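Okay, so chain A shows up in both of these, paired with chain B first and chain C after.
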Partner chain A sequence: MIDLKKADINFKWEITRQEGGEGLLKCFGCSDCSASCPVRYLDDRYNPRKIIRLTLLGMKAEVLSSPFLWLCAHCHACTERCPQGIRVAEVINAIKNYAVQQGYCPEGLKVQLNLLNNSGRLYELEDFDLRKRQRMGLPEIAKKIPDVARIFQFTKIFERTAK
Partner chain B sequence: MKRYALFLGCTVPVRAQHYELATRNVAKELGIEFVDLKEGSCCGFPLKALDAETSLLMAARNVGLASNLGLDVVTLCNSCTAMLSDAQVKLKESEFRKKFTELGFTYPNEIKVRHFVRVLYEDIGVEDIKKAIRKPLNNLRIISHYGCHYLRPSYLHTFDSVENPHTLDELTGLTGATVIDYQEKKLCCGGSVLGVDEELAVKMANQKLSIAKNNNADVLISICPFCTVMYEDNQRKVEAKFNTTYNIPVLYYPQLLGLSLGLPPDACGLKFNRIKPDNIISKL
Partner chain C sequence: MRLILCHCNGLINMPDLDFGHDVKIEWYDDLCKQEVKISPDEKVVVAGCSPSIMEGIFPDVDAEFINLKDHIFLMKHSLDKARTLIKAGIKKAKSGSGLKRKTFMIKSKSAAVIGAGVAGLDLTKALNSAGIKTYLIEKEPFLGGTVAKLDRLYPESTPWSHTVLPLISSVLKNKDIEIFTNSEITKIKGEIGDYKIQLKIKPRGVIDCNNCGACVSVCPVTVQDDGRIRKAIYTTNTYPNKYAIDFNNCNRCGECVKICPKKIDINEQDKVFEINAGAIAVATGLKFYDLEKVEEYGYGKFPNVMNVLEFERKITDGALVPKKVVFICCAGSRDNRHLPYCSRICCFLSLKEAKLVIDRYPDTRIFVCAMDMRSYGNFEYFYTTLRESGVTFIKGKPSEVMKRNGNLVVRVEDLYTNELLEIDADTVVLSGGFVPDIESFEKLGIKIDGNFPIFFESGKLGNIEMPRGIFVAGSAGFPAGVAETIIDSRKSAFSIINLLKKDVIESFQPNAYVNEDYCSVCKTCISTCPYNAITIENGKIKIRPDLCMGCGICASACPSAASRLEKFTSREISEWIKTATKPDDILALLCKWSAYNATETAAYLKIKYPENIKILRIPCSGAVEPHHIFEALNLGVKGILIGGCYPDACHYAKGNSKARTKEHILKETLNLLGISKDRVRLEWIGKDEAKKFENIIREMSLVIK
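Let's turn to the complex of A and B:
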């Protein structure tokens, strides 16, 4: 049951202000996204149409706290089919970004953030890897890319994920 | 000689060196020269769900490195391709460009971002590749896997057809192998949800592996390290979950092409494949 007394009418505007969220309001609920979705095909806990409907209605807590939001594989099958031309996967991503700011960041993403802050790539080049690359005749590449940590400082990403 | 900036990303230089090796050797054979982006970082895609703007700035920095060399970028991972392409479009927006510049990055020349397979198709072309084939792989049955971000979203790639792709099948056919035609070319490997729900990811990977088996494929061709993680590294997990045996080798397209160009299996990195491609080597 959806209890509209709990609706937050500003929720949809918050999402449209996120990177990639601007197409949200064009949704007329046809469900082509869900019909095209390879995740939905295997697991009915994930339903992009429902997430978008609930967002438009303002069911903020329900959407942001749902672990199913994170099941989107970002494969863009929905984007290709949307008759309204909404970049659906980008809208779902915008909702994820907003969820992070509101304190719903999955632990796995925080781990990746820290790895990237340390070395600039997800897998740090250990001495073992460097030797293997050398043996295979592959060229040297930088072990650490400090510019990535600088970008994180600039966008204040750790402040955004601190909630 | 055609020159490109080679962007490796996170996974290829550490976890898929055989892909990198085969790519470099195939490139040499076909008259392609790579200038390495030694300072290339993660493309940014893993952080997109966390904060899209941060991930776009990471991607734009990488695009900027190539732009400063005046070279188009070649990528080896589908998600890197989409992420860097996205940044390249984003760099046209003044507000984003301002932040990029404030960080001290520059983008002096407009450049293209394309996957290596697309570059083979567009810049070398099927006719010239066909002429270079020395050792046709006539005895192999091959199923190709495109992966999502090689073609989608189409507003970034404007190449091939998202609903009915053909470029990878065409390139695979040049090696002399029999290309298996099937409906579900668009299927996602499940790699993006592996960290969130392993069971679901394994179910997604199972779909294509079972199609490969039902079609008696000798090998599955991948062009993305994420997809290979699902189909090769996790193949045993999929088999256990569905109580079946696949034992289907997963080769990166340049490994297969390399063999048909007459390169020895070692030059194509075949000994580094986790599912041993003995069935392929014995048929060479």
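Let's turn to the complex of A and C:
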């Protein structure tokens, strides 16, 4: 049961002001997005229709804290099929951005950011990997990409996600 | 008797025809291009192409049609069969008493319009522009109807004054219109073209008025009028431009009489008036369903639960400034406990009210709970704009409206999120359905089909949809928005003008009639008639020729064979069966609206069926009389096929279901007599289902040996 007393009237308006979130209000709940979604097909805990409808009801904390929000694979199948022309994947993206702004950054994302900050890569390169590349005749690459950390410093991403 | 044959551009050729000395044979090359002179009283037999085409070529002729083209020549059946069919046609024509011409005189050239809402006003305007004298009858003291109580019209939110005030002024401008306010119809007599209508004109109380309004200030009685509070003496900004006393609420204290500088008479009596009209238009408009019956929503119990009209009037009055509003669509609609149908406009009414709130108080929280938002056509745009302006739509029918801590709480499961919601609100608006004004329909003898009147009874009398000369326009027929109402009223106006411009209307199609010598007044026929055309007058059954559509269902139900259908009497049909069928034939009695057309389709598609099928065109599968089937079986006919329209698709509403009932009983009887029940089949055959027809015939030939 949803307690509408906790609803935030401005939540849906905040999302429409985010980049990509503009079409949100057009939703009439046909559920074509959910029916098209390959993630939804594999895991029924992720449901783009439900995320959008809860957003429209103003259930801010519930939407932003949901771990399933982050399961979207950005395949854009929903965007292709939405009868109202809502760019659904981008609306989900807008909600994610807003979640981070509001301090609902999931732990997994933080770990990934740290990995990127340290080595510039999501998968750190070991000597073993480099030798394997050599054997296969692939060119040598740097173990670390320090530019990524510099980008992070410039965008102040850690300050944003620290909330 | 004349036998008229058509060569059909060389397709049909039959040498050596001879049907006795009294049959004059005439051949024509192409009946559809040649003119044949036939006097109106003459009976003829026409053999050529499809009867549905020939009926168009000979519209006013008492003719027996034989389909040689589709049933013989395109099917490449033998000339012997053709001769037999012609002979049967001649026998049938000779044995019948023929068609009677029905005429209706249009004596009165004026029209009566009941109801002065948008539909009534527009109709009056249209009729008057065609030069027809019109009586406009309104039961309220003021013109305008339901629309004049509103603030605005959907979807553009234009005030009603844009539409209705010009209509009223154009009606008032004209001298050929008589307006009766505060009037009701008490009695109605006559038939199409000549109605005598008795009116009761209720007292207005205010005789002479200068609109000073002094009476309102002294009136002690306050009245709740659809969400607005007014005194028992009041006025509106439509016509007439003077006050009126609401005598249902007035306590006759006489204060207004004392203060009035002009003249008020509270002891005025009812007046009776009689008018004469050739046609009547019913534009009685919308009637709200009593929402108190929908107990779970607390209408009448909680003061802040209201219907759309009350809400609109309260908001525009400034009597209500809501913070959080919940609209409940389908309150009592699509609900078998209340109104089983969709009233079509209530979704838009709640959208309109939502827009009204947003326009006035943009910060109000608005929830609209709907099972389905039925925004057909361009109204989808209206729905989209409201979603975009931040109205929250919830899919689901609220289970109840409760009161908790002084607030209203609406409990609903939102199907979009599969979550249960409890919305607390200060105002709940119920968008309920509408009911027909049964009382006035009954007075006029209009049939109610389920819940609303039948719109188009038949086109039998030319272009007139309602053979009684009574037309239903606007929301009286079915709830409609203002635009749809105006379209509908203009259609009715067209039909009325078309009717009243004629002096006589004629019909030359088969009708049922009663032979009083045989009739025992058992009243069986009355209940079978789909058009309420059968009545009892002075202890005798009478079939009204203006209402009878010629389906023959009454004739087939009559236990004493007193009720008969012209051109399809028992004698004619049994003559036809006797002459046309031979032992081992299959007799096909096919409904002219669908199954018979399938045989024509078979001819064009070259779908061949065996030669021993003899096809008779009947008006309806419900018109088949059981004794014809026994007669045919007696003659040695192998099988009998009765073809009708699919369930619910019957041209005469329920003829096919009656045929089904008869078939069951007939088969039981056959069983008792030791006759295989496979020999009689009732099948639904659509107009293009030639293949199905062929399959049935082949099955019948195989099964019956």
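Keep this in mind: the second predicted complex is superposed on the first by the 155 of 163 C-alpha atoms of A that agree within 3 Å, B and C clash if a C-alpha of one lies under 4 Å from a C-alpha of the other, contacts with A are read in each partner's own complex, and residues count from 1 in each chain.
Throughout what follows, a residue touches a chain if its C-beta (ideal position, glycine included) is under 8 Å from a C-beta of that chain, and two chains touch if they have at least 3 such contacts.
All figures in this text were calculated on a predicted structure; none of them were measured in a lab.
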First (chain B), second (chain C), both or neither touched by A:Tyr123: first
Touching partner for A:Cys27 - first (chain B), second (chain C), both, neither: second
Dominant contact partner of chain A by residue count, chain C or chain B: B
Which of chain B and chain C A:Ile15 touches, first, second, both or neither: neither
Contacts of A:Cys82 with chain B and chain C, given as first, second, both or neither: neither
First (chain B), second (chain C), both or neither touched by A:Pro139: first
Touching partner for A:Val91 - first (chain B), second (chain C), both, neither: neither
Interface residues, chain A side, partner chain B - complex: 18-20, 38-39, 42-43, 70-77, 79-80, 87, 89, 93-94, 96-97, 100, 105-106, 108-109, 112-113, 116, 120-125, 129, 132-133, 136-142, 145, 147-148, 150-152, 154-155, 157, 160-161
Chain B to chain A touching residues, read off their complex: 8-11, 13-15, 17, 20-21, 24, 36, 38-42, 46-54, 56-58, 61, 99, 102-103, 148-149, 152-155, 162-163, 186-188, 190-193, 195-197, 200, 203-204, 207, 269
Complex contact set, residues of chain A against chain C: 1-5, 9, 12-13, 25-29, 31, 49-50, 53-54, 56-57, 84
Chain A-facing residues of chain C, complex: 365, 373, 383-384, 387-390, 392-393, 395, 414-424
